[in-house]
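What follows are several structures.
Each of the next two complexes has subunit A plus one more chain, namely subunit B in the first and subunit C in the second.
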Partner chain A sequence: MSITLDQVTKRYQGSPVVNDVSLNVRDGEFYVLLGPSGSGKSTLLRSIAGLTGVDHGRISLHGRDVTHVSARDRGVGLVFQNYALFRHMSVADNIEFALRVRRMKAADRRERRKELLRLVALEGMDDRLPTQLSGGQQQRVAVARALAHKPEVLLLDEPFGALDAKIREELRRTIRQVQRELGITTVLVTHDQEEAFALADRIGVMNLGRLLESDKPDELYARPATRFVATFLGAANLLLARQTSEGIRFGTTPVNARAVERVETGREHEVVAVLRPEEVELAPTREQLQAGYLAQGQVEEIVFTGAIERMRVRLQSGAEEAQLAGPAGESGAALIEVTRTQPEQRAFPLSPGQPVFIGVRRIHVLPTPLSSFSAFAADEADAKKLSQHQLLAGLASGMKTRVSVRVDTTLDIIRAPGTKPDLAGVAVIAAGPDSARHVQVLLQRGAGEVLVLPEAIVAPKRILIHWVDETPRRATLAVSASLLRHVPAEAVYVGILPEGTSEAARPQGVRTLLDARSEAQASHGLEMRTELRVGEAVEELAGQLAESPEQLLILGVSNVEVLTERFSRLLTASPGWPILVVYRTT
Partner chain B sequence: MAGHGSNVHSAELASRPGRDGLMSALARWTFISVSLAFLAALLFAPLATVFVTAFGKGLGPYFASFSDSDTAAAIKLTLITAAIVVPLNTIFGLAASWAIAKFDFKGKSFLITLIDLPIAVSPVISGLVYVLMFGLQGWFGAWLQDHNISIIFALPGIVLATLFVTFPYVARELIPLMEQLGNDEEEAAITLGAGGWMTFFRVTLPKIRWGLVYGVILCNARAMGEFGAVSVVSGHIRGLTNTMPLHIEILYNEYAFVSAFAVASLLTLLAVATLVIKTLVEWRTGYRRRR
Partner chain C sequence: MSFRQPSILPGFGLTFGFTTFFLGAVVLLPLTALVVRTAMTDWHHVWDVVSSARALASYRLSFGASLLAASINAVFGFIIAWTLVRYDFPGRKIIDALIDMPFALPTAVSGIALTAVFAQNGWFGKYLEPFGIKVAYTWIGIVIALTLIGLPFVVRSVQPALAEVQRDLEDAAETLGAGRFYVFLRIILPTVLPSLATGFTMAFARAVGEYGSVIFIAGNLPLKTEITPLLIVIRLEEFDYGGAAALGFVMLLISFVMLLTINLLQAWGRRRLVGDRR
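Entry: the complex of A and B
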């Protein structure tokens, strides 16, 4: 491995800007870190270069731990967005700078400089000053300068940011060519997905300081694991669906798309499906659809863009409720985005207002367990207020999902077990003296997750994760991973051994802890810290929560009675903390 | 390049529809002549007077006034003071602007305010504080006398007062420049393997050199020309603690007009030389002041 990052965390004024990032970049690989501005990608690159120190974690280059090595001695080449050429030096002096530092002989320096200028196609420019060069040429000089001392790793921080489109493409090709020719391990930071697709062997998508997913470009596009990646890489329609034993169902329609992937069998539950605009088929009648039928619709708007035609189609006939968010991020409009190629347009010309039948060629179901939220309260006003709770609204907009308002006066009434489950997504209730009982009622009615929100609005900076026994472990990890992608907080798994555990049994506890950590990492891409405690679970958790109000607890349980008997103290605490209960019996 | 931009701007302004060609020309010439009249009355006339009076009795008396031992001593003292003060304030200015532009620390804005303090405070007060500290009745006065050290009414006092009065000049010139130029080149140098000193001398110093030259020129002009603060601490001992500006005042009060204006012409020449160097610097690099 050329570059190994192990749980790298960088905080700025207490909140993490790079949050538990672990990453391996292979020898000779071109790795692109992609993310919106403020996602922490540049900070991560700067910490690999050694210009920024990290608060936690380790960085190795070619097996050498460089976490505490200065930038000067790391031997990496770094290219900046605004070139950062030495403005008072000629091109030749700029390129030879690193060689002068290393006291190389003048003749050798000249030879190396010629070689580098050939590599970036700037022969004969030796005596120019940076101000006499165009932006593209300056960036070529910067690349040559960064490569002069034969670094093992080349880092590029938005190198094309300040260039116009045509030069950008040209320089992109040069950089790719140089990288191939030298076989140098390269990390490039960008916010431009097209650039990432064009250059990368692998792409890592970052948001809110976390590395969400890391894979080959085509894999990431076809099978994203998170909503963020699905909507950030290309356009995507997000739809709410129900996963049943027969397959996927939107509203009342079961969809028979050929390429629906099965994610998790078992109980019927709500899922989030990704429908790419180019995977939608439109036809005048249901019989003429070659792909699986989704719904009827009406063409709302058409934009011709040359090679393809973009349109918005309004969903009708029972599937209106399915739509979560269009590619533009607006929600609740029941509009889906469709793109059609020229042959498709010729086969079935369309104009706005025309009714159509909508088919789907391929649907990808996201493995996230958090699909939507329902805010429960005894009267409309309270439920509305709860649904607008800042933490909840923030989560919902980050997840591009909806919060439905549910008025329910029977939250106090415990029904007989065996009632048919009628709940979808995460149930949300306000914290109060009765919240333990409300949680119990909701869980017995089939809720898989209940979020208890105290009135005080505090953005959590730390998320504690704990499961009471091993049954809900997988689900709790999956929920935690999904939640943490949308909250800029650090995750800590708290393992608790019962009081009186013998010294001999402790290594066992540590192993469980490490297993949990590697499972989180392997199957959910979730990086978390671990802590081992000895004592009564509720006491230990209460102790940890008491440290700061800026925390959230995710609690996995498999038994409602255990929850209400042992943990009601946390659920009803005042002012309390947000608590997400994850309930799984199998 | 900025000049090119402003030309385009004024050409655009002149071509704006609805502007009367004659009226705007009239307005333009009115503004120009008013400014010139002010400059002539307040700047050129006094400057000319200095030289006219200095050479009023011919070249002989003009040069003779420099052969006076007290005058020579005053010139020497001024040069010594500047030679001590300017390098010290250059180092201080570099350090302060580096700290302010490159680091975030508590009390940063307080430090910036402190640097500006000598400009805000009357020079007489600047001198007086040293008298209050090191004078015979001052805090350290008795102790200094016991140890036979003289600060006030001696060279150290003059140097201290001048140092205080001139210390903002280099720093104020460099702080905005360094903030504008940013840190990228230094970071690039570090990743290329350069150490701290090498980064400073090969990258930072060349980058800011013209701003630094400009700051040093201003600092030097003020150091040589300072009157108020130095007047308070010097004690006006002829041939010992009189700097050029103080000496001019004494000569003038003794009705030695030719000598007074001859020394004054030296200071004026210094100012003219400063302006010439400044223009050269700006012309050489296209470096324009932003304030």
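Entry: the complex of A and C
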């Protein structure tokens, strides 16, 4: 491995800008860190270069731990967005800077310089001053300068940001060529997905300081695991669907199994489906659809962009319940984005207002267990208020999903078990003296997750994760991973051994802890810290929650009675903390 | 060069006329008067005045002390500018505002204040006295007064230049293996040097012409702590206008030669630092 990051965390004024990032970049690999501005990608790159220290975690370059090694001694080459050329020096002096620092002989310096200038196709420019060069040329000089001392790793921070499209593409090609020729391990930071696709062997997508997913470009595009990656890499329609034992159902419309990838049967529940605009088929009649039928619709707007045509189609009938997940996704007002190629346009020309039949060629179901939210309260005003709770609204907009308002006066009535589940997504209730009972009722009515929100709005900085027994472990981890992608907080798994655990049994506890950590890492890409406690679970959790109000607890349970008997004091505590109960029986 | 210049903003003729008129009336005319007045005086008298031992000593003091003060300002002004630009600390704004105080204060006030502090029985002077260090009424006092009034020139001209040195440049140099001192010498200093030289020159020019603050702290002993501007005033008080003009003319001449030299040095230095050409 050329670059190994192990749980790297960098905090700025207390909140993490780089949050528990672990990453391996292979020898000679071109790795692209992709993310929106403020996602922590540049900070991470600067940490690798040694210009920014880390608060936690380790960084190794070629097996050498460099966490505490200064930038000067790390042997990396760094290229900046604004070139950062020394303006009072000629091109030659710029390139030879690193060699001069290393007291290399003049003749050797000249030779190396000529070689580098040839590499970046700037022969004969030696005596120019940077101000006499174009932006593209300046960035080539910067690349040559960064490579002069033969670094083991080349780091590029948005190197094309300040260049126009044509030059950008040319320089992109040069950099890829140079990288191949030298076989140098390279990490490039960008917010431009097209750039990432064009250059990367592998892409790592970052958001809110976390590395969400890391894979080959085509894999990431076709099979994203998170909403963020699905919508950040290209356009995507996110649809809420129901996973049943037979397959996927949008409202009442079952979707042709051929179109659906990776259908997991099991507990019937709500899922998030990704529908790429180019995987949508439009036809004048249902019979003429070659792909599986989804719904009927009406063309809302068409934008011609040259090679393809972009349009928005309003869903009308057939999939009324297949509400789009998204802030605009009020039921019945669902718009989906569609792109069509020239041949498709010629075969079926369309204009705004025209009714169409919509088919889907391919659907990808996200493995996230958090699909949507329903805010429950006994009267409408309370439910509305709850649905607008800042933490909940923030989560929903980050997850591009909706919060529906459910007025329910039967939250106090415990029904006989066995009633058909009628709940979708995460049920949300307000914290109060009755919240333990409400949680119990909702779980018995089929909710898989219940979020209890105290009135006070505090952004959680730390998320505690605990499961009472092993049954809900997988689900709790999945929920935690999903939630943590949308909250800039640190995750801590709290393992609790019962009081009086013998010394001999303790290593077992530690192993469970480490297993949990590696499972979170392997199956969800979730990095978390672990803490082992000995004592009564509820006491230990309460103790830890008492440390700060900026916390959230994710509690995995498999037995409703156990929850209400043992943990109700956490659920009814005042002022309390947000608590997300994950309930799985099998 | 043509006087017809196409430009977005009209009025070149008008503004150019204004420029020449203003320079002529405000700068050139008085200077010419000075030269003419000198020329009209009896040549023997002029020579006697400007070459007297007292005059020669005053030149040495005026220009020597000014040069020393400007050099001190170049070093410490740079450090102050660096601190103000690079660090954020409580009270930064206040210190930043304080820098300009010597501009605003009547120079006589700063002279009296300095004398009060540095006199043998002053707040600070009394602690220096046992060590045999006398500040007030010696050339040291003059240098201190000139340093005080010249400081804002250096700080204010270096500040914007330093602010413009991108952190990225230092970061780049660091990843290329350069140590801190090397980065300072090779990256920061060359970028800031022209402004530093400008600040130095202005502080120097200001110090040469300074009168108010110096006469209070200098003691004004002929041949020892008498600066040229004071000598000119003394000549005036003796109604020796010709002599005063002659001394003024000599000051003008020396200042001009020195400023020219500094400018040439600056240009040469810029080439040197950029260069190392093979």
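Some notes on this structure:
Everything that follows uses one rule, which is that the second predicted complex is superposed on the first by the 571 of 586 C-alpha atoms of A that agree within 3 Å, B and C clash if a C-alpha of one lies under 4 Å from a C-alpha of the other, contacts with A are read in each partner's own complex, and residues count from 1 in each chain.
Operating definition for what follows: a contact is a pair of C-beta atoms (placed from the backbone, for glycine too) under 8 Å apart; a residue touches a chain by one contact, two chains touch by 3 or more.
None of these values were measured; they are calculated from a predicted model.
With the two structures aligned on subunit A, subunit B clashes with subunit C.
Within the superposed three-chain model, A:197 lies out of touch with both subunit B and subunit C [touch as defined at top]. In the superposed model, A:348 makes contact with neither subunit B nor subunit C.
Within the superposed three-chain model, A:77 lies in touch with subunit B and with subunit C [touch as defined at top].
When both complexes are overlaid on chain A, the residue A:106 reaches subunit C alone and has no touch with subunit B. Looking at the shared chain after the overlay, A:49 reaches both subunit B and subunit C. Once the two complexes are overlaid on chain A, the subunit A residues touched by subunit B in the first and by subunit C in the second are 49-51, 70-74, 76-78, 80, 82, 84, 86-89, 97-98, 101-102, 142, 145-146, 148-149. Residue ranges on subunit B touching subunit A, taken from their complex, read 184-185, 187-195, 198, 202-203, 206-207.
Residue ranges on subunit A touching subunit C, taken from their complex, read 46, 49-51, 70-74, 76-78, 80, 82, 84, 86-90, 93, 97-98, 101-102, 106, 127, 142, 145-146, 148-149. Touching subunit A in their complex are the following residues of subunit C: 166, 168-169, 171-179, 182, 186-187, 190-191, 273-274, 276-278. Touching subunit B in their complex are the following residues of subunit A: 49-51, 70-78, 80, 82, 84-89, 97-98, 101-102, 142, 145-146, 148-149.
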